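Right, I'll just put the structure down here and ask away after.
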Amino acid sequence: MTTYREAMREAIRAAMRADERVFLMGEDVGPYGGTFAVSLGLLEEFGPERIRDTPLSESTFVGAGIGAAMNGMRPIVEVMTVNFSMLALDQIVNNAATLRHMSGNQFGVPLVIRMTTGAGRQLAAQHSHSLEGWYAHIPGLRILAPGTVTDAYGMLAPALADPDPVLIFEHGTLYNLDGELDDQTAVDIDSAAVRRPGRDVTLIAYGGTLGTALTAAEQLSGDGVEAEVIDLRTLRPLDDETVMGSVRRTHRAVIVDEGWRSGSLAAEISARITEQAFYDLDAPVDRVCSAEVPMPYPRHLEQAALPQPDDVVAAVARMTG
Amino acid sequence: MSVTATNQIAPTGQDGHRRDLLHQMLRIRRFEERCVELYSAEHIRGFMHLYIGEEAVATGVMPALTPQDAVVSTYREHGHALARGVTAEAVMAEMFGKVTGCSLGRGGSMHLFDAATRFYGGNAIVGGGLPLAVGLALADRMRDRQGVTACFFGDGAVAEGEFHESLNLATLWRLPVLFCCENNLYAMGTRIDRAQASTDLTGRAASYGLEATSVDGMDVLAVETAARSATEAIRDDGRPRFLEFRTYRYRAHSMYDPDRYRDKAEIEAWRERDPIDALVRHMREAGELTDRDLSGLEADVDAEIDAAIAAAHAAAYEPVEDLTRFVYAEVSP
Amino acid sequence: MTTYREAMREAIRAAMRADERVFLMGEDVGPYGGTFAVSLGLLEEFGPERIRDTPLSESTFVGAGIGAAMNGMRPIVEVMTVNFSMLALDQIVNNAATLRHMSGNQFGVPLVIRMTTGAGRQLAAQHSHSLEGWYAHIPGLRILAPGTVTDAYGMLAPALADPDPVLIFEHGTLYNLDGELDDQTAVDIDSAAVRRPGRDVTLIAYGGTLGTALTAAEQLSGDGVEAEVIDLRTLRPLDDETVMGSVRRTHRAVIVDEGWRSGSLAAEISARITEQAFYDLDAPVDRVCSAEVPMPYPRHLEQAALPQPDDVVAAVARMTG
Amino acid sequence: MSVTATNQIAPTGQDGHRRDLLHQMLRIRRFEERCVELYSAEHIRGFMHLYIGEEAVATGVMPALTPQDAVVSTYREHGHALARGVTAEAVMAEMFGKVTGCSLGRGGSMHLFDAATRFYGGNAIVGGGLPLAVGLALADRMRDRQGVTACFFGDGAVAEGEFHESLNLATLWRLPVLFCCENNLYAMGTRIDRAQASTDLTGRAASYGLEATSVDGMDVLAVETAARSATEAIRDDGRPRFLEFRTYRYRAHSMYDPDRYRDKAEIEAWRERDPIDALVRHMREAGELTDRDLSGLEADVDAEIDAAIAAAHAAAYEPVEDLTRFVYAEVSP
């Protein structure tokens, strides 16, 4: 068995062994081993030139990653958490995402940015954001959200091979997830995956909410409702085909997304289903998202704010009942 | 001898002044030692950053402030809150996530707020509090109020763009901000010389044209003297000042940190300079403190914190129905 | 006749005369008169203490606005354009939007932030964003988008009276818009407005796209299709009632939004219509948004990227035809 | 005497060196004067920021760079691009929005790019180019290449957080960046002393521990000397350097700017120090330049720019079908 954390670490290790242009930079990736211990031990193997601790300067070390990528390197930049990436947003939106198009294809930015996302660990209002939906709004970026151990490992190599910037969102509650790392080859980063087949309703989730959707599907199954669970995996570009294929069969869809409901990625999925599969729907598409509130610290309030399997079950019940 | 559990410090030179400082440091130290146990017992959750070793800074700075002044702090702010006068009970309940906490339990360890003492948090974004402090001071200036805003941040924060922007703006606009840099030599696991091209932080600050002084942050009397002279100067000419407090945290960065990046010997060397031990020694030598006095202080502190913990245990959680209250004000425009 | 620019200026003037706690701060609001000349002449009347030029330090002057608001002032912070607001995003999201809830209602942030948004002036990839939809995702903020001269004037006073942070998005192409400033009183900032009644389809727009929708409605009217045009006006909180009321009557809806399509505010509106008025729909909700591309400089490409009246007409034709 | 329309500058001390510098400055000046007309005629649109008055800076810095070096610029970059060797034709076509432009016409005045000369733009976000420059230099360092990255930015950019972060990081990591601050005393309408608490920009830069020098930006020979010695030093020890060029823009900030915030007298005073006039005077006194030489240079420049304009007029626009090409690379991973 391998944890999600280990899978990520081994993927970095493999990439760094395979290509000397790859290096890791970010706050405390070195002696500390990474805030979430992802890079533990890598400094010893690769040394401080390639496992580079940065000062607390998010905008500049992300920008430096962009510059280094434009100049022949294949940086992996770790932004400790998505909460801090707001300080680097200008560099991501105005430079990383834009340079290829704006320069008429003269310069590309083959950069990978990894960050932790999500709530669930009682870290309160400033450390619990799920802003991957924001990034999925930006043309020029590719957005990945590994939700399994296999994806945690297998998404990095194709992300590094991508000639354009790729952001990888790692949900903070997944690092201890244990799983079989069955496939040590690169995975397909263009497609969503059906994680559980079903015929009655499609549950669409990714990253941190994949488990929520699968738990809900189990519960529903006990009630005789067979839910198909789709793991989006890639949030930009979205794999409409897999989603619509499923909805056309089940005629019902619920999106489970940890982002705040208004303006969530779930809204985009809902709009697309309307646009592409309206006449196949037996019920309005529904969303189970986070309550629209800065995340409170106490566990009972945090759990109340987050999408729960019961909320998914209730949403399905409303549309099938 | 007995003291009450408040943040009142007798004026410098007056009887009881050093005793009060000692009491305050003991109180902060003991509070956090108990927090460690409570964290292990899972009464406190999330991120928790301890101030143990750095008590002299908060303890020495706060007496230089008046109730009209404001304080902006970081996620490592138990000491600041307690020294500023937020009650141990309100802070402890907050860490339990109880509704009697100083932020209704919503903030936890990183987000202590208290309007009564003008304690503006509790900010978990490194550097994020500096612009707020500039703005608080701007309002005081524009409204012709006398307040000074004391803003605490770490050595790591000095690398952030907001540090630069805030020092520039406060100096340019001559705003009454006391920038308090707690240089504990590390930002998480990154030693200062691996994050700052120049570790001369006062030199950096002075390049904006504001007066900057480096202070022994392990000596509460030195801290207090420096803070008093800086706040007086600010009240005098309205301009900001920068103080660097050289200090050290004995504990790991947070409860999650396995502390792999430092030498035990380094920690030991700093413990030799422990601010509480130093003051105790000093007072003993001056004949100001007997063993009984010290036990008395410790007993007082223990009693206060025991009571705070008991109250936190007994307190209620905010009802789940109130989850979305106060996202917006409840009175409409 | 009054221009949108003048209306905004007079609104600021009136607010500053009425309340000495109000002041304006931002880059070049002083001697320069504001990049878009909104504050021209205000320095002369109110002096440099209340018309405050800031250094190029977006994060800090926005943060300072938050601090000043918490401490008794009523700042109006001008961020020259939404493009630069990304540098201040952390302050807006993690402080302005969060402080009231996180502090248990001890502190509020009665702050107004104004910024220009949108494309159409050949300013290319880094100066043409429409990111108001992002801000509309954030609990704790109120988002306004005046699309008329009356709203440009009338939204400021209630925004300043709001005890919570309000962001006002001014579309760059509107400043020269001329209109009757019929009503010099505060307007209602909770409601959307029906700008043109119609029975066949609902066009939903705001700010810069209001004109696009109205032009399309004219064209459609010539073809015998009567479009109702709704101006959202307030992007957070959204006025579902007005939108659903209209859709329930017209049974069709097209959202016109200058944001990039994926993850746009239009997606949220679409999802809400699905959720609240699904059984009233005669056709899938459609969106007319910007092409998903960093904005190119030449006029023909910029216009091709932006939502045009013809695109709206075509979308309506698809659903009515 | 005749020169070819390139960015080739004869080596210092060699015959033709000063003539080449003069030619370059004339070329940039004339190019932009024509741009003003073209803007009025609406062939050029959007924001356009002129460099007129500041030509000595780009002209003096570029000869210190090799083809292996890189350049990062701002929205006020016509001069940088031309001096670096992007052809007048490619720049002019870009400003017309034509597909023959150096960015396919997609960028316009603010976004000139040219891979062949390692010209990395053209950045319309003040301060946004500095982190890129740090990264370009980092890659050179990590790959053991000799390149220096020259990064241009204005006095206004010094207030941005990214300035601070970038100077710190480049100095800390010893990266070969030449920071070129074009201090023209204004950021739009804001005079430097109303934006910077300390207007001593080299002092500010030096506080990071990097060598910082202030240079007369109206004297192309002084600029070149400073740039050469800085790039040599960088090549020598790999560390960054900071140069402040004191210069002035004669024109408004952009074509939209009514220029209400400056004294005519101030502009006149700077015009007296015009870098082109100064060099002409100097060369005349040294007997290096006759009236005929000067007319010859001017005629060459006019011919080059006429040709560039004619080509821009004649060129095609990018087809609208290509709108979304190159948002992503066309080869898949």
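Just so it is clear, A, B, C and D label the chains in written order, and each chain counts residues from 1 on its own.
By our rule, a contact is a pair of C-beta atoms (placed from the backbone, for glycine too) under 8 Å apart; a residue touches a chain by one contact, two chains touch by 3 or more.
Keep in mind that what you see is a predicted model, and the values were worked out from it rather than measured.
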| item | value |
| --- | --- |
| Chain of greatest Cα-centre distance to chain A | D |
| Pair in C-D, B-C or A-D that repeats A-B, with over half of contact pairs matching by residue number | C-D |
| Whole-Å gap between the CA centroids of chain C and chain D | 36 |
| Whole-Å separation of chain centres (CA-atom averages), chain A against chain D | 41 |
| Distance between the centres, which are taken as Cα means, of chain D and chain B, whole angstrom | 47 |
| Between chain C and chain A, distance of the C-alpha-averaged centres to the nearest whole Å | 30 |
| Residue numbers of chain B (touch at least two other chains) | 105-107, 111, 123-125, 128, 159-162, 165, 168-169, 172, 194-196, 327 |
| Per-residue multi-chain contacts in chain C, two or more chains | 54-55, 57, 59-60, 83-84, 87, 90, 94, 101-102, 124-126, 139-140, 292-294, 296 |
| Complex contact set, residues of chain A against chain B | 27-28, 30-33, 35, 53-60, 83-84, 87, 121-127, 291-294, 296-301, 304-305 |
| Of all residues in chain C, those that touch chain B in their complex | 21, 23, 49, 54-55, 57, 59-73, 75, 90-91, 94-95, 99-108, 139-140, 142, 158, 161-164 |
| Of all residues in chain B, those that touch chain A in their complex | 45-47, 97-98, 105-108, 110-111, 123-128, 156-157, 159-161, 187-190, 194-196, 256-258, 260-261, 317-318, 320, 323-324, 327 |
| Parts of chain D lying in touch with chain A, wherever the complex brings them together | 70, 72, 101-107, 111, 113-115, 120-123, 125, 128, 130-140, 142-143, 161-162, 165-166, 168-169, 172, 325-331, 333 |
| Complex interface listing, chain B residues touching chain D | 159-165, 167-169, 171-172, 194-198, 200, 203-204, 206-210 |
